[in-house]
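Same chain, two partners: subunit A is paired with subunit B first, then with subunit C.
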Partner chain A sequence: MKIEALLLSVRLALCVSAILIAIGVPLAYGLAYSRWRGKFLLEAIVALPLVLPPTVLGFYMLLAMGPRGALGKLWYAAFGHGLAFTFAGLVIASVLYSLPFAVQPLVASFETVDSKLLDASAVLGAGSLRTFRRIILPLSVPGIITALVLSFAHTLGEFGVVLMVGGNLSGVTRTVSIDIYDRAQSLDYAGANRTALLLLVISFLVLSAVYGANRRAGRRAWAPWPLR
Partner chain B sequence: MAIEVSSARLAARVRKIRRGEGSAFFLLDVQMEVPSGISILFGPSGAGKSTLLDCIAGLAQTDEGRIAINGDVIFDSEKGLSVPPQSRQIAYVFQSLALFPHMTVEANVAYGLPHAREQTRDGRVSEILKMFRVEQFRHRKPREISGGEKQRVALARSLVTQPRVLLLDEPLTGLDAELKGSIIDDLRAWNAAHKIPILYVTHSREEVDALGERVIALEHGKIVSEGTPREVLDAPRRRRLAQAAGFENLLRATVLDLREPDGVMRVRLADAVCEIEVPLGHAAPGDRVRVAIRAGDILLATEPPRALSARNVLEGKISSLERRGTLVVARVDCDVVFTVHVTPGAERALELAVGKKVWLVLKTHSCHFVEG
Partner chain C sequence: MRFPLRCLILLSALLVFRPTCAAQEIRVAAAADLKFALDELGTHYEKQTGRKMDVSYGSSGNFLAQIQNGAPFDVFLSADIEYPRKLEAAGLAEPGTLYEYALGRIVIWMPADTRIDLAQLGWKALLDPSIQKIAIGNPEHAPYGRAAVAALRSVGIYEQVRAKLVYGENIAQAAQFVASGNAQAGILALSLAISPPMREGKRWEIPAKMHPPIEQAAVILKSAKDKDSARAFLTFLKSGEARKILESYGFSVPASAQTQ
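What follows is the complex of A and B.
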């Protein structure tokens, strides 16, 4: 097993989950509370990675990040090098790919906050920012943890998008899942098995933690599989 | 307006319109003045009580109207003015109480005082917790205290901000009478010092009796009566009964005198000088009563009638005529407006027209006495 690949995956997953919380929280707040009519379009866009083959997303991301793509040009202007086949490119693509896994539990969690508590906060003189900080956020901790864990786990295990956007550069873009694929291709089944087993165990532990936390919280925040 | 400035007072005119397919109707159409002290907003569920409170607090949108506290306008649809709820200084205790579950009692109560200095804040929080007898629970979470204690905490949390108005939406539901009474006493004690208008919503007749102050009765989004608990509690039921029984004329009146040997009493119709004779009922002179008369039981004459057995003859003018199928509905203004049904033939024969002078003849026994 290549420790380098595992470390890269973990680093990627950490970056992606941190970014996802940062952009997911305001996005989820908008989706949960806005009365905008076109909201369903945004909801559909956020959920798109759930149904889209990773290769489709990866393909378009690759085009966008390429030297002729808008994102690639912008990146080149800012940093003097391209975006495709770099760690940063991988992060951007993964953020998009894991977006629903962060946003949906957050929306579900914000929506379960009793609206009367928000009304009470308002009549006690709090504006929407204070209400969010003091009431919604603390009451959504299980949802935030779910969002963090799921985006971490989902990024850790992604393959298609990584392959399309990152390729297979050791230490830069070769993540565990790519590593497993590589080994299986070169008939190193024992090596592939060690990494695969590790990924399986990590994923299982992560999901157990999420479901366990939801169970303890007394209500079910969003999880990728609707369990009773 | 001088009245608004002279004492603490909430003046609200609130209209909420529900628009359907091609039609619009008022979900809420209320005008009221709430002086300092407890006023009870009473009505069945679905009457619009909570919606009215939400409109006053700014949590629900008011379509038309004006809301002012002590002359300070917080909502005016004509001027497009709507102060957001967090700036209205109106305290609101919900039926669910809505205590913040993740905060201690102390933090709940201090929530409304984010800008006060720590010392001032702690002092005010302790004072109000003492006042409502929940100081010993200050470090507990809401789920760790009883229902009555929660209600006390909710009141303390609302009042610590020194609001200009307090709205209470069935805050004491589910408590026994004794506990309710003791919480109300503490609320009264607090308000003896602060003298703000308190609007207390309930659908319980017992609470209305117990609180025993000014009552405003709301039904189908409209105020149907105002006054003491007795006046209000008794009125709507009787009025509905009378209307359900098909009495088109339901008139407020005051009993003048009883003529027991004749089996009649004389009443004066409200807002008018005319007096009529009605069958004797359980009433005493000075009592306010209602008299119900069917539109079809009233005779209409175009000349002063003479030599009649009927005791009640009222002079008036036709204010409107409306043909409804084979029926003509005339409204006759005798200071009090009567609804009278005549046939199309009678309309032609008597040459009835708007503005024409007529006399109404009411048989004593066609006038039904409705108590209260």
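What follows is the complex of A and C.
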């Protein structure tokens, strides 16, 4: 088993889940509380990676990251090299790919905060930022954890997008799922099996931790998205 | 709401009970370097025999694993003769049907707008500082990737360019990496480099003596449903017409095939 590939996947998943929380919280706040009529369009866009095959996302990412793509041009101007086949490229692609897994539990958990509390907070003179910090955020901690864990687990298991934009560089873009695929292709079934089994166990542990925590808290409102 | 629901049910019924595939259709698993060449071969084969074929392109190693696990293919065209040999040894191929149809050639390929004078420089072009990434097939399981590494070693620049190599899952993906501009050069199958979408680019043929031969072979699988059609296809593959098409796509036909 390649420990390097596993560590790379973990590093990727950590980066991606941190970034997703940073951009997911404001996005989810907007989706949960905005009264904008076109909100459903934004909801649809956020949910797109759930239904799009990774090949579609990977294909467009590869074009966007190339020298003729907007993202590629920008990156080249800033750093002097392309974005495809780099760790940064994988992070950007994975953030898009795992976006709904962070945003949807966040929206769900923001929406279940009792509106009476929000009204009370407003009556007592708190601004929306203060209300968010003092009321919504503390009540949504389980939702935030769910978002973190799901985006981590989903990125850990990502395959199609990485295959399309990664270029299979050991230590840079050869994630654990690619490593398993490589082994299966070179007929190293024993090696593929060891890594695959490890990934299976990790994924199971992560998910049971989330569902177990949900159960103990006795609230279904912020259950991980797939079960809602 | 009733009407759309009925429509939906009807539609699903149509999808579920669609007519089964026409008889005499053979399913071919083919190495990715045959894309384009086999498309043309298929058209000729269908015209000549009135039979149909359905081709899946991919990496030979992946197909081998799938076939070992019961994938429903009739014929396997592998970029590496070792794979059909393995199937033969495991009793998964029809004995005596192994046929080496071509030798693969590799080229250095660059997009048409490159400023590098590839024809003049040959393999030295890969050392140009403007080249940040070189796409090759994954040498762990793609025969063209192995040949690319062997060629780089034989001219003694493997260690120098090693950090620039990116691996395509199969040779067609490596081609896609360069064609999309994400890599500035690639070591690709000649058959892909002269295919319509890549014809415009610059290429330099790597001399065959720089790497071990890329022996490509076909075999009929034990599990083939329609062995007659599979045999008809193999006969066609051995015909002068098929050999001409293969040659026009940059495959050299091995001496063993010419005597047949």
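Just so we're on the same page, the second predicted complex is superposed on the first by the 220 of 228 C-alpha atoms of A that agree within 3 Å, B and C clash if a C-alpha of one lies under 4 Å from a C-alpha of the other, contacts with A are read in each partner's own complex, and residues count from 1 in each chain.
By definition in this document, contacts are C-beta pairs under 8 Å (C-beta built on N, C-alpha and C of every residue); 3 or more make two chains touch, one makes a residue touch a chain.
All of these numbers come straight from a predicted model, not from anything done at the bench.
Asks: By the touch definition at the top of the document, which applies to A:Gly82: first (subunit B), second (subunit C), both, or neither?
Replies: Touch status of A:Gly82: second partner only.
Asks: Could you look at A:Leu139 and tell me whether it touches subunit B, subunit C, both or neither (first, second, both, neither)?
Replies: The first partner, subunit B, only.
Asks: For A:Leu187, decide between first (touching subunit B), second (touching subunit C), both and neither.
Replies: Second partner only.
Asks: Under the stated touch criterion, which partner chain does A:Gly171 make contact with: subunit B (first), subunit C (second), both, or neither?
Replies: Touch status of A:Gly171: no partner.
Asks: Touching A:Arg130 in the superposition: subunit B (first), subunit C (second), both, neither?
Replies: In the superposed model, A:Arg130 contacts subunit B only, not subunit C.
Asks: Pick one for A:Leu117: touches subunit B only (first), subunit C only (second), both, or neither.
Replies: first
Asks: Quick check for you: in the superposed arrangement, does A:Gly212 touch first (subunit B), second (subunit C), both or neither?
Replies: neither
Asks: After lining up the shared chain so the two structures overlap, which partner does A:Pro26 touch, if you call subunit B first and subunit C second: first, second, both or neither?
Replies: neither
Asks: I'd like to check the shared interface: which positions of subunit A are touched by both subunit B and subunit C across the two complexes?
Replies: Correct list for subunit A: none, the interfaces share no residue.
Asks: Where on subunit A is subunit C touching in the complex?
Replies: Subunit A residues touching subunit C: 62-63, 65-68, 72, 81-82, 84-85, 163, 167-169, 181-182, 184-187.
Asks: Enumerate the contact residues on subunit C facing subunit A in the complex.
Replies: Residues 59, 61-62, 64-65, 132-133, 135, 138, 140-141, 166-169, 176-177, 180-183 of subunit C touch subunit A in their complex.
Asks: Taking the complex as given, what residues does subunit B use to touch subunit A?
Replies: Those in contact with subunit A are residues 57-59, 84-92, 94, 96, 98-102, 111-112, 114, 157-158, 161.
Asks: With touch defined as at the start, can you tell me which subunit A residues reach subunit B in the complex?
Replies: Listed in rising order, the residues are 114, 116-117, 119-127, 130, 134-135, 138-139.
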